[in-house]
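Got some structures for you, see below.
In what comes next, chain A is part of two complexes: it sits with chain B in the first one and with chain C in the second one.
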Partner chain A sequence: MATTKLGFIIQRPGYKSENQKLALTHAIASQSVEIYLDDDDEVICDVAFTGDGVLNCIKDQKALENYDLSSTESHIKMGLLCDLNILVCKEDLEKFGLSKSDIVIDAEEFGADVEVKVVPFEEINKMMDDVNHLLFF
Partner chain B sequence: MGKLTIGCFSSLVGSMTLDWAVKLSGAAIEKGHKVDLWVSGNATMLSIQDQRAFKDYSSLEKPLKELMAKGLNVTACEACAEARGYNKDNTMEGFKRFSMDWYLASTFNADRVLHIGGE
Partner chain C sequence: MKLVTFVSDYKINVDTLDRLKPEKLGIVLVENGVYHATTKENGNPSSLLNHSADYYVLLNDLETRGLTADDVIDSKVKVIGFGDIVDLIFNDYDKTAWL
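Take a look at the complex of A and B:
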């Protein structure tokens, strides 16, 4: 059994480009990657929002109403439903005057067991050290 | 020799990033490495066949076909392509189309992953 860990680092804000959504959809695709791999091999994806990217996590996004598009918020919730480890940089949130109460934390309505973790950058750095490959969006 | 997985998300026309990714793929293949090139987002534009080659715009069909003949494995994100109207019928011969898990699977045994984000 072998595991490859990928770290998805989302640094750019939403609704200006599709980067953040592509990051999340690619990370969520780890749920079906086994069709290409040998038994027991796996690819695990961690996601971290840093810099301007933390703005993607603001809750109550109205993308459906304004753009007729699914929101980045709903993608984050799908990521939680898939048990992705999703981190948000505490210091970068604070730079925007935001805190844990301003962002999407859970996806209880979808039945997700895990929550978004607001962590110091040090922990995101540790995650980046732990993964095999980093993908910056 | 190693395996390099390159993911590129930048458009063919309007950016020189795909040009660079294809050149890098060629350099790696010339050195004997195996290369998987994944294109997603606007980079799926690379998959369209019969693009007219003007000298003012990037045009990679010819070098790409030469590299595919040398073993370059190129795959486009099927959903990203379909969202842009790039369907199976106008996809370059030899260009594969799969869902995003193909990219993740390619990283599984890659020695290096070079991810080049979009615009």
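Take a look at the complex of A and C:
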């Protein structure tokens, strides 16, 4: 059985480009590739928001109302629904004066079982160490 | 020259804004430029707010990012809509720039 681990690092704010949504979409899509894999193979994805990228996680985004765009917030919630391990750098949140209460944490309305984890960068470093492939956005 | 400048990035890699010397300068914070109006890094507001200029921030782009008019940290930044931007361009400034 082979497990391939992917790590997506989102380090820039969203909307100016589609980068952050691409990262999340790729991570979500990776959970549907099983039909192309051998029976015992699997792909596991972690997503981490660092640097200015933590601004993507601010909750109550009204992208749909203002621009008819799906929000980064909804992409994060879809990621939770797919049981992705989503990490947000604690130090970078604090740098912007933000806390856990300011960001998207769960997707209960969609029935997601997992939550976004606010963790020290050290833990994100460990994740980056653990994965087979790193992708920066 | 009466110049209105649209700032659409949070991290700007060019110093054009520092070098401009118009007789009247307006700075409209749009897209990711809105973070200049709402965000402090390590407790410090954005240095972009230090110019001698009239400041505006687009409400639609604040809301898109989960922010509101209440999140604007400096009262000199006026929260406006698209209609106000049109009025600024046609009534108050000769030229526009996009940074």
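FYI, the second predicted complex is superposed on the first by the 137 of 137 C-alpha atoms of A that agree within 3 Å, B and C clash if a C-alpha of one lies under 4 Å from a C-alpha of the other, contacts with A are read in each partner's own complex, and residues count from 1 in each chain.
Simple rule for what comes next: a contact is a pair of C-beta atoms (placed from the backbone, for glycine too) under 8 Å apart; a residue touches a chain by one contact, two chains touch by 3 or more.
Keep in mind that what you see is a predicted model, and the values were worked out from it rather than measured.
With chain A as the common reference, the superposed partners chain B and chain C fit together side by side. When the two complexes are overlaid on their common chain A, residue A:K59 makes contact with chain C while staying clear of chain B.
Once the two structures are overlaid on chain A, chain A sits at the apex of an angle of 90° toward chain B and chain C, using CA centres and rounding to a multiple of 10.
By the document's definition of touching, of the two partners only chain B reaches A:L22; chain C does not. In the superposed model, A:C45 makes contact with chain B only, not with chain C.
Shared-chain residue A:K95: touches chain C; no touch with chain B.
Using the contact criterion defined above for the overlaid structures, shared-chain residue A:S71 touches chain C, although it does not reach chain B. When the shared chain is aligned, chain B comes close enough to touch A:S32, but chain C does not.
Once both structures are fitted on chain A, no C-alpha atom of chain B lies closer than 13 Å to one of chain C. By the touch rule above, chain B contacts chain A in their complex via residues 7, 9, 40-41, 79-80, 99-105, 107-110, 112-113, 115, 117-119.
Touching chain A in their complex are the following residues of chain C: 8-11, 31-32, 35, 39-43, 60-61, 63-67.
Looking at the complex, you find that chain A touches chain C at residues 13-16, 52, 55, 58-63, 65-67, 69, 71, 73, 95-97.
Of all the residues in chain A, the ones that touch chain B in their complex are 2, 4, 6, 17-19, 22, 25-26, 29-33, 35-37, 41, 43, 45, 132-137.
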